[in-house]
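Note that subunit A is present in both complexes that follow, paired respectively with subunit B and with subunit C.
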Partner chain A sequence: MKQKRARTPYFWIYLFLLPTLVGYSMYTLWPIIRTVQFSLTSMRGFGSKVRFVGLSNYVQLFQDELFINSLLVTLKFMLLVVPARFLISLLFALALNWKKCQSKTLLRTFFFLPVLTTSAIIGVVFILILDPTFGPISVILSKLGYVDLARIPLLGNRSTVLATAGAIWVWKWMGNSLIYWLASLQSIPDELYEAAKIDGANSLQSFRYVAAPLLVPFAFIILVLSISDAIRVFNLMLTLTNGGPYFATETVELFIYRHAFQATTQRMGYASAAASVFAMFFSVIIILQSVVKRFVKKEV
Partner chain B sequence: MKRSHIKWTPSNTILFIFLFLFGLIWIYPFVWMISASLKTNLEIILSGLNLVPKSPSFDAYKRAWVEARFNTYFLNSILTSAGSILVVVIRCSLAGYVLAMYNFKGKKLITSIMLITFFVPVGTTLIPIVDLSNKLHLLNTRVGLILALSAGGHVSSVLLYRGFFGQTPKSLMEAGIIDGASFIQIFGKIMLPLAGPVTATTIIMTFMSSWNAFMQPLVFTFSNPNLRTLPVGMMAFSKGDTIDYGGQCAAAVLSVTPIAIAYIFAQQYFVNGIAGAVKS
Partner chain C sequence: MKKALVLISLVALVCSVAFAQAAAEAQQKGPVTLTWWDQYSNQAGTHQAIFDAFEAETGNKVEMQNYSSSAAKDAFDLAIRSNQSPDIMSNPWKTNGIAAKYYEGALGALTVKASDLPEYIQKELYEGYTMFDGEVYSFPTKASNHSVLFWYDTDKLSADQVPGTLAELRELFKSLTDPANNQYGIALPMSDTGRMNDNICYLISAAGGNRELNPLTGYYEYDNDISKAVMQWFIDIYQDGSVHPASLTLATRTVRERFIAGEAAFAIDGVWYPGSIKKAFGADVLYRLGVHSTPVLTAGTQAKVGAHPVSGTFYLSSTCKDPEVATDLLLKLLDDSYAIRIANDMDQPPLNTSAIAKADVVPVYVEACEIMEDEIVYMPEALLRNANIAEVYAEKVDIKPNLGDILVGYLTGAITDWEAAVSDYNAKMNAELDRAIDAVKKSGVKVDHSDFVFPNFVPGESYTRDMYEAL
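What follows is the complex of A and B.
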């Protein structure tokens, strides 16, 4: 039913949109275009002489072992942490979603506290907690008899640093996925579980045949969100390891940051090329996800 | 909030103990941090696993607050967050309102551009944002930092308002028109008050993102340490010349406290805001 009302108040509509249009153009759209533009120049810092260099930054980028390294570190980190965050949060959510579960709010608050806490603070505090001389982790390990293990600087060792940072990351973000899962689980009507119970299904079966199929679309969103968080890990890494030791945890965003803003090596054009490749890498993963999602939806 | 009493049975007691023990892993670092903030630096190194300070003292808080300048950082964080919240609520509610209520030229284009750029990482846009701010003389200023945090992005808040206003009955608006209310009055006096819960969620989500923001405040305050926010100050403190473990922990406690208090009072909005990402 369409009523004929006074004519559309265009003036007000565009006035209301103005702040978002201007802000979004200046701080999201224009910067995307500028990044590509910068990436084709020899720009070092702001106000420096700029020369058009074509695609040479990109060519150099893919010959730069440290850039390839940062892509691999990001990918490795993602493969390490996303499944862990996904599964652990699902298990806790299933437990907390159980009707007879006690003190849900208290437990949820425990898991949620790290989500509220700034990554930079978590980074600094965990440097202390993991300190190989006085940190509680090393004290516990040596009390348990693992004296050698206790002395290893978990964050200063190339073979342990990525896994350690990954564990801290999962610890920090698990509560976020937990909330996602709880919201998804609560969207399943109780009647369905009851119907399954009447049909004689046990709790494992009712999860497999009632909840799981309904959770699939949510699972994909949760996966995409976790992946996008994992790829953009910056704050935690910068404070916890600063990309070290010897680039073992230098993710793409840290690589960009180092070339863009760390004074001794400032090369903004080069960093912009890395930022463009990163945005592309990022979109490919997001697009891949939505393609798989569509495919899975058809199957179910 | 309603409280339902659940009986303790063997099975849920076992589950509770199990979850509680896991929960300890999640809160232990916070307990350790609070305990260390009340100890002397020597005691932190020597006390092993003992969490109870011998003679608790607030010295570390004094050092963090005054000497390490967390009083300034704290104020900066509050002002930056407040500014960002104001900008985000105003611009997102205005945009969400007209996107939900009216058909006009460019509506589809605006919506699809926002959806396409939803996931753009900060790392990709930061250099041009700093360049732009530099040209507008906004670099190393508070206003510049607030704009960098609030003027772009926040697509989810626009969508949240759009979704809400799309569901409010049009008759409310028509009643307003019949009463002779102007466009602004209808929005400000009728529609926006109705959207209270959406505004609360937006405030909380923006508070979380700006209070915890790191990359933008870091870059925006390189040559003006007076504008550092808590996370940036925290990093400067930990990488500084003097090693003060207790002071760092005290600073960490100070930074977490406001957002933890906000969570206690507005838990539902935190949960709704985060859950909104999977529901939409």
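What follows is the complex of A and C.
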């Protein structure tokens, strides 16, 4: 006897999806469409006269040394901080996952606290901490007799500013990755480690042959989130360095902000073109990453 | 006859309905709450007192929000763009930037005629600044000023020790610097390269150059000897080690902290410095403020700093919920008592400078206002000659890196040949001006580069209203 198949309740599915679809369309899709639309115009500010200029903003953009600089700064920052956050958080997660580790809850809270703090506030506080005259680091170095070293403005020096901002960023966001790593490590059954131990594997081999293959999907998610966070570094950079000194920390977001809002004559069209290129840049990175993920999965 | 009766009855009916509606509206129109945004936190108390009196008199409330000067422009622009403008706002844009806001449709006219305003205000109203298409959009309440007064710490030196030339000041800074004890000649707001650019341009003007365009040619001339000498001075004092090492991360407000902390003997700031210091650190430290006129390149010359004629202080937004009530409120700012209160706050001096003598202020503020009055000269402004120039300003975009950026770039090693960078900047500024003029011309608006040329301008002297008429 044929069983009567239950009808899929499409009406209810779409009804429940509706609020999300409406919200997503209003606050994500529509702004994206408008940004691309603005990027093809000479738009100065909202309400100003708008002229269609075709791809002229894009042509200008790739002739603008400061835009190329901002793309490179964003890329450099990403290459600097993402691996650091990825590896350091993994190391801390392994340590916290170790059975003999004491005060795990306290340490987890300790590492997660900076994640809860606002980036803009962290930026302001670190300006004071790293101050070359009255910052605590400077005071200690001065008392130890290293006055010249103490007076180096870490945030005012082109050769140190990106690394300094990067270190602050890793400190701020490491707790987030740590929680993901811990969750993924705890999802691996103890039996697998015990079996590896019986087969004579040491701790390193257990990690290499048991944990690592199982961590790959989590690693991919952690990498995507870290890259996404590293690209959206606007609040921290604005308050910490404002893109300086001399554009050394001007990421694409700050470049867009400068043209869209800070300039005497705002250039919404130009800033929108920069935002569109930036979105493409980010998409390319994510596509590359998924290609790498497939390759790594096969290898493992 | 019947037809006429019907017609008259209909007219009477329409009139009575209209009258009844107007009366009902007038009855319904209760007190309003106006929103007011400005960047004059030093004057928050003064403004609040006026709002309280206004509420007691009319029942209309005012909600005030203060922003720092640097944050105000961003906040106001964002508000305009999201249709959330306050009813009344100050002008954080550059003097000629207000015209761009008018063309964006962001501003609303006051409900007062120019002829109804006091004569001393009428003299300061200019089409393109405070008037558009013959309507009054604002009026100035504050006198013109510049931001390069040299403030020194009287705990470290006395007035007779402060020299008048940049070269002598450089030597003084060296003698005041002692890194082991956190003592430096000067702290500069170098993280705010826009402000540094302004400081450099003002000093170029004081040294006999042009802060912006040369009115005789209508072009920028930042690559001349005077401009380069001023740039070189900033480079020299930095390389001497006389500039506070945190300067690359300091903005105007944080420079004040270093000054009051006793780490820097000098700071460059405007006449509002005592007011800002008092607000941030209390009146007890005001005794430490000394002020000196703007230094020059050549001994024996008097600094003359070019400034624009004064613009409006407060504007109504185009979305102002009740322009009539807002205008009534703004007219309260024309009272003498307001001018005295402005002076009491030791912010930008009032337009009516005689009020300073009646105000309760520290002597150094009076001295700073006097220096300012001696030094300021009005430069010719193309916008006041041809109001269409507003469209050129709205079209013209910022050129980066500017002089402030180039200075920081050179000092941090990003630029190796600063003179070439200045020449490049100058060429780009002129090219952008020409491009903007051409773009506006193409759209059919009557503008020309000759609008920027003022053959009757005499360097070092104020360009007066009759000189515009003589062109």
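The working rule: the second predicted complex is superposed on the first by the 275 of 300 C-alpha atoms of A that agree within 3 Å, B and C clash if a C-alpha of one lies under 4 Å from a C-alpha of the other, contacts with A are read in each partner's own complex, and residues count from 1 in each chain.
We adopt the following convention: contacts are C-beta pairs under 8 Å (C-beta built on N, C-alpha and C of every residue); 3 or more make two chains touch, one makes a residue touch a chain.
Predicted model only: the values in this text are computed from it and were never measured.
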Which superposed partner A:Ile127 touches (first subunit B, second subunit C, both, neither): both
Partner chain in contact with A:Ala271 - subunit B first, subunit C second, else both or neither: first
Which of subunit B and subunit C A:Asp229 touches, first, second, both or neither: neither
Contacts of A:Phe261 with subunit B and subunit C, given as first, second, both or neither: both
Residues of subunit A touched, compared between subunit B and subunit C (which is higher): B
Touching both subunit B and subunit C, residues of subunit A: 46-47, 127, 133-134, 261
Of all residues in subunit B, those that touch subunit A in their complex: 6-9, 11-13, 15-16, 19-20, 22-30, 32-33, 36, 44-46, 48-49, 87, 90-92, 94-95, 97-99, 102-104, 110, 113-114, 117, 119-132, 134, 147-148, 150-153, 158, 174, 177, 183-184, 187, 208, 211-212, 214-215, 219, 222, 230-232, 234-235, 237-238, 245, 248-249, 252, 255-256, 259-260, 263, 267, 270-271, 274-275, 277-279
Subunit C contact footprint on subunit A (complex, rising order): 44-49, 66, 127, 131-134, 147, 151-153, 155-159, 241-242, 244-248, 258, 261-267
Of all residues in subunit C, those that touch subunit A in their complex: 73-74, 77-78, 80-82, 93-94, 97, 100, 103-106, 179-180, 182, 190-193, 244-249, 258, 261, 263, 393-398, 400-401, 405, 408-409, 412-415
In the complex, subunit A residues that touch subunit B: 5-6, 8-10, 12-14, 16-17, 19-24, 26-32, 34-35, 38, 46-47, 92, 95-96, 98-103, 105, 107, 109-129, 133-134, 136, 139-140, 143, 171, 174-176, 179-180, 182-184, 187, 218, 221-222, 225, 228, 231-232, 234-235, 238-239, 252-253, 256-257, 260-261, 268, 271-272, 275-276, 278-279, 282-283, 286
